[in-house]
Structures are given as structure tokens and as C-alpha cells.
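The structure appears right after this line, and notes come after that.
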Amino acid sequence: MSVSKKIQRIAVLTSGGDAPGMNAALRAVVLAADHYNIEVIAFRHGYQGLLDNEHVVLEPKDVLHVLQYSGTIIKSARCKLFKEDAAAITAAQNLDALSIDALIVIGGDGSLRGADHLANHWSGQVIGMPGTIDNDLYGTDTTIGYATAVNIAMDALDKIRDTADAMDRVFIVEVMGRYAGFIGLRSAMAAGAERMILPELQKDKPLTVSALVKHIHRVKEIRGEGSYVMVLSEHQWPGGAVALAEQLDAEYDLPCRPCLLGHIQRGGPPAPADRILASELGVHAVELILRGAHRVMAGMRANQCVEVPLNESWEKKNPLTENLLRIQHEIFNPVKKKQRNKSE
Amino acid sequence: MSVSKKIQRIAVLTSGGDAPGMNAALRAVVLAADHYNIEVIAFRHGYQGLLDNEHVVLEPKDVLHVLQYSGTIIKSARCKLFKEDAAAITAAQNLDALSIDALIVIGGDGSLRGADHLANHWSGQVIGMPGTIDNDLYGTDTTIGYATAVNIAMDALDKIRDTADAMDRVFIVEVMGRYAGFIGLRSAMAAGAERMILPELQKDKPLTVSALVKHIHRVKEIRGEGSYVMVLSEHQWPGGAVALAEQLDAEYDLPCRPCLLGHIQRGGPPAPADRILASELGVHAVELILRGAHRVMAGMRANQCVEVPLNESWEKKNPLTENLLRIQHEIFNPVKKKQRNKSE
Amino acid sequence: MSVSKKIQRIAVLTSGGDAPGMNAALRAVVLAADHYNIEVIAFRHGYQGLLDNEHVVLEPKDVLHVLQYSGTIIKSARCKLFKEDAAAITAAQNLDALSIDALIVIGGDGSLRGADHLANHWSGQVIGMPGTIDNDLYGTDTTIGYATAVNIAMDALDKIRDTADAMDRVFIVEVMGRYAGFIGLRSAMAAGAERMILPELQKDKPLTVSALVKHIHRVKEIRGEGSYVMVLSEHQWPGGAVALAEQLDAEYDLPCRPCLLGHIQRGGPPAPADRILASELGVHAVELILRGAHRVMAGMRANQCVEVPLNESWEKKNPLTENLLRIQHEIFNPVKKKQRNKSE
Amino acid sequence: MSVSKKIQRIAVLTSGGDAPGMNAALRAVVLAADHYNIEVIAFRHGYQGLLDNEHVVLEPKDVLHVLQYSGTIIKSARCKLFKEDAAAITAAQNLDALSIDALIVIGGDGSLRGADHLANHWSGQVIGMPGTIDNDLYGTDTTIGYATAVNIAMDALDKIRDTADAMDRVFIVEVMGRYAGFIGLRSAMAAGAERMILPELQKDKPLTVSALVKHIHRVKEIRGEGSYVMVLSEHQWPGGAVALAEQLDAEYDLPCRPCLLGHIQRGGPPAPADRILASELGVHAVELILRGAHRVMAGMRANQCVEVPLNESWEKKNPLTENLLRIQHEIFNPVKKKQRNKSE
């Protein structure tokens, strides 16, 4: 592997909403750095720690078994102040005072924007890693944390199905995703939900309550008895699952129960996919630094480690998987059925 | 074992909110009945099925491996109509037409009241089994479903702790329990929550928001950085966890996130304790019938199978475990500390 | 979509070792077929049922919520007899007597060979779907069941780490995979195991006990105290984990505990990835039939639905992911460390 | 609460096999001690640390969220040397040098014997806490770690059932328990196993392979198709589950698969019951010290905190729950069926 400059010390921080697998990512960065005889300084509490110069040395012994745990051992935070030039300059000074050659930022798009902003004011190498459960970063098929969130949402939907079936009832489970429907789509498919209300779909063709009610009745008609479970992405209904459930109950006489998963989607033992993605991208980030890369986000596409310019990660968008939408809306939807009168 | 009359056929139904372990209870009833050469008829959809005469024969092969599953294979329902005398009379006629000697009702207090009401109009034996996650029935230390709900709530709190710790934030997790604080108390203790808001405590000494805020600040002061997780029993705050979180955020500048677990507390694989309790009580219920018992609820107290008059199950109350309250409020509460200036 | 012949009835069977997600695959086939107004006949107990003509009609209501469950609702079996021409001819006759247009076989390579064999004697369309936890079929990046097995193995390794760490001990966890190291590699990476003994690696450079002991001591030397957990693929050591543990204990005075996971790797709720893969491939299989495809296996490669000639599925091999091996053996291995004396 | 002497500093250690909930116990001891203004010194690696004087101060901030984790943050070990008088004298000297008033030992019977032995040579107060998954200590209904082990074994059995059912096969799952059948009995009941081979039962009436085979065939005869899952306690069959499975396969032509759970039964998030038991007993242990108690083990019986003389914990035995044995062997056993020809 060719190296453009001699790297001796790199810094790392976790920023923004925490994501399951961030610890595995830190571990990978530290183990890879150690393999290449590079020292690692971690700033605590995200960019706030970078501004306050609150840091610790991270060695292999500090991270060996953190793979198992969600959260981040160096804490995280949102730092609105960091958008200012003054903040970036202070950060640059702190990094230089510690002789940092490169900084790895693990976080979502807010954090990667912060990294890009820093790069305007600092001469060191800046590398991003996609750490968010929302899976809304371009340049990687999946983000670190996404698989775990899907797993938790699906498990909640499985439990809801048990009780929904017992009483033949309607349930709404509100999941995370910020403004992307990835968690919603995948958990709905995995759990066999009857309906999903996702940002991308609401944008094109917003669902009305009456259309929803019509579908609920139609499905019950076709199936006889049975339960109806829908997945609602956050921010897609005023007042969320609680309000929509009340509306169905009060205005349409459809008893309906809400469930707001919230932040449980960010905890517990990370899924295998997140730990392995985090490990591969952590090593990739260190090796990108050794290769002289700068201002890029490390990602995984079609099982290959890649990198894209930082700004592309938030300027471009990954679409929802077309085939899954088709299957959910057309093929598995009992209300749609292909007319086979004419031979094709 | 002495038998007062020859039992040949018994009926069973699951009623009201479903509880994890109801299937294990059905299985135990069917296997025990089969052991004693008694036939089992199950009415579907709770009392509604009893009124509509919607029934099936249940044999061992139908229930062998249902232990693993929450919900109820014979469905459940709430049946407001059943409180009427006419309904009880119809039910009695349906039971007699099928030559049913005894009926086992698995459910919460509403369902046991229904059983007692039926007994006013029917000559057969009526036995209740405590099936509800809320643990609010007198005559048994724990109800079928309670252990599983505690387990699910604790698991959610564990996940919340991971993310709360990453960002040093305040979280509120709303749990079930109807008007009892058992699920809240036990899950809060098991997860090390900093606070719990339970019905029994709110009744005596309602928590005010300012007192809550004061405790949050005091705990952070004592501990330095850290997270604060509280458990809120349902119906204990107007608007629930969502409203309380908004209030802390808006009025007290304390960023706070809510999580409304809802019905996930009723699903998934039942905990070992629920499966075994259900098995012991199912056998006990059948053997109570053989002994000529009538109008009682089968329960488990101090590891012994017991029975109490049906009405006691809802007229009397089990208190919350005093020692757990003491530990949570006094011993583990960082704001309280025993003065040891004077020797005792 | 173009259609080469009018499909009215298809058959499906699950064969060989069961895999988590087989039920999701059956569900997808049935729902997709129903969407296209095609009837589905399922043969029970794999090829044995095909020979015995033991079949049932499968409708949407039979499969709606089976997504959640491992195993297969139509049972499975190994059928040595099927390799005979006479068996294939009998099967063909049974299929024709039922007017079956196409058969979908869900299983591992033994089952797909059986499908190919049948195609030598039957005129209907034959489509395979990759159902095995071992992930050892060419033509698809992952097989249905693989993600769940990895998840279960990783969870076991996480638990082992907790206790290994408490006592600073050595543990060996034996995982499945038949003669492929996919489960071993991915679970070892996800759990941060210190060592993995996989078929592909044993083939090139078999590990000796003394080399293993040397590595164990070296790692302890570098790290100070600590635990050592290794993953052993089945069939890679005479007597498996139990024998290797005894050997380390007796001959090298290294207390070591074995754990033989066995078939727990095939049970429990299937992982999201398996349910979704099974859903996409089930739909794909039906649509392949409508397109006139024959003697192919439906697979997923780089997130695209593809198909390969049946024989390629067992004649060709997917290699282990090179980058994961490199990371595990070089980058994360404390005994290896890149010399950075010379600038690169 | 009356106090016999002024307690200022106590020591604690975890010894022997680790058990899920040990960390919760440490937490309870530290928080309770802190509440009473008592300092806590922890010796690392069990009695070995006590001999080597390897200790750390434990404060609330060190233990706040360790509830969630199995293992023990102060490590554990077996220390054969401790049985010697010289060892106990050295330990006593180390304790006195640190002005320790009392020592709490958390472990199984070997560890409690060590505590009793120490008390022969030391003047401080010695209190034991029952920390072992085997549940084989007298003086408490359950030991810390038992509920979690049962939960893990049951979960494994659930998974085994999924795959056993798919192929109608026989499975043997080997569980822990040392020489007690508690884990075996409760997990077998919770999972609906067809058979269990437990120490207490083997002692009275050892099962022969031919009797086992006869039962397997009889059950299949009665039920038609189906799976057969048995639970085997460790040390109850020469060569364990692996050997028994081979014997059934080779000598009786019964294909049978083994699963050796091993130490996964000691890991993962402790069950709610273990965390709460550990919390109550940890507080109880500190309050026992304040009350002047000595040479006792803190336990929970019929939901009350109690204490018994240390020696009783290993000299006396808790029997297996009679009713569970009766249900498993008589009521749920398809081969036994009560003759109801004569009215009783």
C-alpha cells in the first residue's frame, strides 16, 4: 500500500445521535491504527469535546470487547456551535497542538457536514464514517446502526402481531428514520405489516385517513378475521402514532393501539451486520488516511469498501429499494391482484 | 384424590386483554384433562364465543408446542354484553347443550367478574385462572403474563440506558400495568432506573414536575455527568410519557425523550416463569374441578398452589413489595444518604 | 412481463436440513402465486412427500404470519431414495397427475441436485431457492437462513465472552457450516473472537495444536490478563470442540471449556435479512416461472435478483470474503503488527 | 435498625464460577454501603486477590449501570490454596491491614466454605451471598444466576424445537447444574421437553438407554409424527449429550442430534429475577453486617429476606419442586394416563 505522508497520530470522535456499532467502529479504528503503529486520541462528547479539548488516548485494551455494546464509550453530543468559523478554527488549533495528522468523524449527516466545515479551516486529513440508524447517507448501501434498528423494530412488530392476532385488532408502530423510510420499509417487510407510511411515499402521494380506513376494511373483508399492523415513520403524521390511533378510534370507530418505539431502536447488542460493517469501515478509514485520502466518507457498496466526497453523503440520496416497495404494495397486498384473464 | 362428581367434559376460554402464557395455560388444561380422560371444548373469542356458541374441541395435538407463543390460539375479546343476565343465561344454555360439567376462564379481573356473574345463572363448576400482565389480582403472588411484561420493559430500559448514556440525556419509558405499579416497580429496579412514577405512589403523594426536575438536577450534581431514566406507569400522567417529555423540554429546558412501549409488553416468547406458572395453575384448575371446587380462582402463593373465592381476586389488593420500594427510594437514591454521625 | 406459457398451478417443497426463513419463502411463493391467480400445492416432508404424494393446498391464509417462525410448516426431510431414476419418474407422475406446471424446491445443495435430477425426467419447470444456513451455494451472495445462524452464533459468543472475561479463560465454540467457513468467519468477526478454525483455512494451512497454544500464550503476554475465545467450524477437528478443549487442558495445562451450539443455529425468529431475502426470492421464483425459466436457482447478488443454472449452485463456490480474513488475521491480530520503520 | 458496632469499611469479592447477577450484587452492596457511609474495598479475582492483596476501592460511580451485564467487574477465580490455614491467616492479615470490619463473599458452595474457613482465623464479620447458576444452596429459594441460566436453556430448547419439528427428529440438550437438577427441571418444563435426565432422578432410578428408546417410540406411536426433545443435566451420562446421541443413533437406529450449551448459560443480560434478587440480597448483606450478623448466608425465602448459618448452605439441600416433577412425569407424560374406569 502506498503512503503519501507519515501518519503518527490520528484523532477520532463520535458525533450526533448515537448508533449501535459506533463502539465497534472505534475498536476497528484503534486496532487498525495500532497495527500501523499509529496513536489514537479520542475527543469525548463529539465536537464539543473537540472545542473543549477534552480528550483521551485510546489503546487496544480500552476497546477490545466493546463490540457487544451500543452507545459510544467516548460519548456523543450535538454541537450547534460548530457551524461557526470560530469553532472550526479553535478545533483546528486544538488538533494541531496535539500534532494530529488526521481526524475520523463517526456520525450522521450533521456530523459529516461538521467534518467538511472543519476541513475548510484545518490542514489535516478529514475522513468520515457513516454512523446513524437512519441509513440516509449516500455513498454506502447501509450505515452503521441501521441493521440493529431494523432488527429491534421488527422484533417489536413480531410482539405486536402476537397480541394483535389474539384480539383481531389494529396497531400502529412508530419507528425512527428521520426523513428516510429505510427502517420503516425493511421492518414492515420483515414483519409482514399490512401497511407502511414512509416519507418518500407521503411526499409523492400522501395517505389520507379515509383511504387508510378503506384499506383496513377491505383487507378484513378479504381475509375474514385477523389483525392489521401498520408501520409509521416518525414525522409523517401530526402527533405521530398516538394521534393517528386516536383518530381512527374516535372518528372511524376502529379500535387502534399505538406504540412509539423511540430510542430503544438505538440500544442493545448491535446486530452482526453493524459490527462487521463498522469493523471493515474502521479499518478502511485508517487505510484511507495512510493513502492520503481527504474529505471523504468511507462506505460499503456492493460488498466493496469505497469512498465518496464528504458533501455527496448529504447532497445525494439513496432511493428506497424499488423491488421491496413493489412487493409490499403490489404483490403482497391482498387488495391488489393481477388480472390473468388475458394471457401475456 | 377424591372426586365429588364424575367430570367428563370441561370448557375453557381466554378473555379480556391477552397475556403471554395464556397458550401455556390452555396446553396445561388440555394435557391435564386428557390425563384424566376429560374432554375439552374451547370457546373462541372469549365470552363472545360463549354467547355465539363458537367452539372447537381441543386435543393434546392442538396444544403440544404452543408454550413458546404469546397470544391465545383460541383468540380473546372484551365482551361488554356479558354483564347482562340475559347473556349469562344464554351462555348457561350453550354450556348445558354441550353437557359441559365445568368452565375454566383465563383472564384478568373483568373476565373473572364475568365468570362469577355466569355462576349466578349456571349450575356447572366455574374456575378462574389469573391471566393478565398487570399482576393486579389477589390470591396469587404473580399473574400469568407478568414476568414476560417485566422482562420486555426491562429490556427496553436496558436499550434506552445505552443511548441515554451516550448523550447524557433524560428519558421516560411508559409501561403498562393498568392501575397497578408492579410492572413499573420491578422493571425500574431491574434496570436501575433513577425514578419511577407508580399509581400507588401517586395516590399517596403525587409527584409534581418541579419536584421531578429538582431530583434530576440533584442527581446530576451528585454524579457529575450521566443519564437519567424514569419509568412511568400508564394513566399516571395526563398525555403520558409524550406529554411529560414535552413539558420537561419546553418549560424546564431539559431535553427529554419519551418511549411508549404499549402492547409489545404482551408479545414474544413468554418468560420461563409465566410458562411454568401457567402449567402449574392449568393442572391445578383441572384438579380443583375434580375435587368439586367452584367459584374460585387458582393461584400460586409462596410456591404453593392455592385457591381463593373468585370475588376476592378483584375485591382485595396485593400491595407493592415494601422492600423494593424502600431500596429504590431510600437505599439506592443518591439524594438520600443515612447520616452516620451518631453511632446506632 | 412476458409469459411463455399459462401457469395455473405450481408445487413447492422444502427439503434437506431446515433453515430459518423457509417459512417466509413459502409465504412469499404463496402470496406471489395468489397475486398472479396461480394455485399452490405443497408437498410435505420434502421429496419423500413428493414420492408418497402427500400434499396440501397452500393459500394466503395458511401462511400470512409464518414469517416469524423458523422451521417449515410443510416439514422437511432428507430423501436418499430420490437419487434413483425410478424415484424421479414416480415424482414426475405425481406432479402430472395434479397438473402441476412448475415445481419450486427450497433447500441446500443436496435438494437442488434432487431438483436437477427430477428435471431429467419431468417436463415441467423446475426452480430452486437457496435454503440452508451454511451459505455454501453459488449464485447468491447469501442463502436463506445464513444471517440467522450468524446471529445466534454471535449471541452465544457474546455470552461466552462475559464468562470468559470473568475468569480469564479459554473457550471454544463449535459452529455449523458443513464444509464452508461463512458462519464461522462472520460470527468470529462480529464477536471479536481471537481465533477461528475454518475449513477453507484448514485446507491450505492446517492449524496444529502447538501453534494454537503458542498463539494463546502470545496473546496473553501482549494483553496482560484476558480471555481467549475461538470459533471452530464443525468437522474441522476430530472430536470437535469437546476433544480440542480436553487436549488443551490435558496436554498443555490450558483450562479450556467447549460449547457445541448444534441445531440452535437453525431455530428462533429468523433475522430480518433472512425474511426479506426469502420474500424477494420467493416472488422472484414465481416470476421466473412466469417468464418461462427452467432449471435455475433464484439468487440475490449485489442486491439484485438473479438466477443461475442449477448445477452451478453446487459446482461453483463462493470464496470467503477476503477483506474479513485479512482484517481478522492481520489487522486485528495482536501478534501481527506492521513494521513502520521504512516509509512506504 | 440496631447496630452492634460501628462499621466503616467492608470488603467484597466474587469467587468460583461466575453467575449472571454478580455485578448487580456488587452494585447493591456498594450503593447500600454508600447509603450508610461505609467504604467498600473489592478484592479482585476472588480469594486469589485476597491472598495477593490485589484490591480496588468501589464507589457508586463504578457500579451504577453494571446491572445489565453478566460476569463480574472484579473478576473471579477458583483458589484451591485457600483451604489451607496459612492462606486464611494471610487473608486475615490483609483484611486487618486495611481495617476491614466485614467481608462479603458472593459465590457458590465452594466459595462459602472458603468464607467459613476464613472465619476460623479472622475476627471480622463474614457474610455470604448465594452466587451460582446451579441453585444448589440451602437457605434461599433461588440463587443469583439461576433464573438467567434457565432462561437461556429454555431459549435454546425453543430453537431446538423449531428444527426438531421440521424434521421430526430426536434432540438432546445438555444443560448445567453441577449435581442439581434445578436448571434441567425448570427449562424442561418451560420448553415442554418430552424427557429430562436429572441427578436427583438418576440417583433413585437411573434411566437405561433401552427404557429411553422405548419411551421415544411409545410417544411417537401415541402422537403420530412429531419431535422428541430431552434435557440432560451435566455429569449424568458418560460422555454427555454427544455420547448419548451417538449411542441412540448407532445402537438403536434413532437419528439424534446433541447440543452442549456449556457456558452460554452464564452470559448475556441477567434476567429481571436475578437482578432484583441480587439487589435485595446485596442490601440485606450490608444491613446484616450493621446488625452484627456473622458467619451467615443472606437468602430469599418465600419472598422474605432471611439468613442461615453458612454451613447449612452446603450441608442441607433444597429438594426439586415436587409438583413440577409430578406434572412432568405423570400429568403431561403421554405414556401415562389416569384410568378413569372407577369413579373416585
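Just so it is clear, A, B, C and D label the chains in written order, and each chain counts residues from 1 on its own.
As a working rule, contacts are C-beta pairs under 8 Å (C-beta built on N, C-alpha and C of every residue); 3 or more make two chains touch, one makes a residue touch a chain.
Values in this document were obtained by computation on a predicted structure and should not be read as measured data.
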> Measuring between mean CA coordinates, which chain is farthest from chain B?
Replying inline: C
> Any idea how many Å lie between the Cα centroids of chain B and chain D?
Replying inline: 27
> What whole-Å value do you get for the distance between chain C and chain D if each is reduced to the mean of its CA atoms?
Replying inline: 35
> Roughly how many whole angstrom separate the Cα centroids of chain A and chain D?
Replying inline: 40
>> Quick check: what residues of chain A touch more than one other chain, meaning two or more?
In response: 155, 158, 161, 165
> Among the chains present, which pairs are found to touch?
Replying inline: A-B, A-C, B-D, C-D
> Residues of chain B touching chain A in their complex?
Replying inline: 14, 17-18, 20, 22, 69-72, 75-77, 152, 155-156, 158-168, 171, 225, 240, 242, 257-268
> In their shared complex, at which residues does chain B touch chain D?
Replying inline: 1-3, 6, 27-28, 31-32, 34-37, 60-61, 64-65, 67-68, 141, 147, 150-151, 154-155, 158, 161, 165, 186-187, 189-192, 223-224, 226, 269, 271-273, 275-276, 279-280, 283, 290, 302-303, 305, 321, 323-324, 327, 330-332, 334, 336-340, 343-344
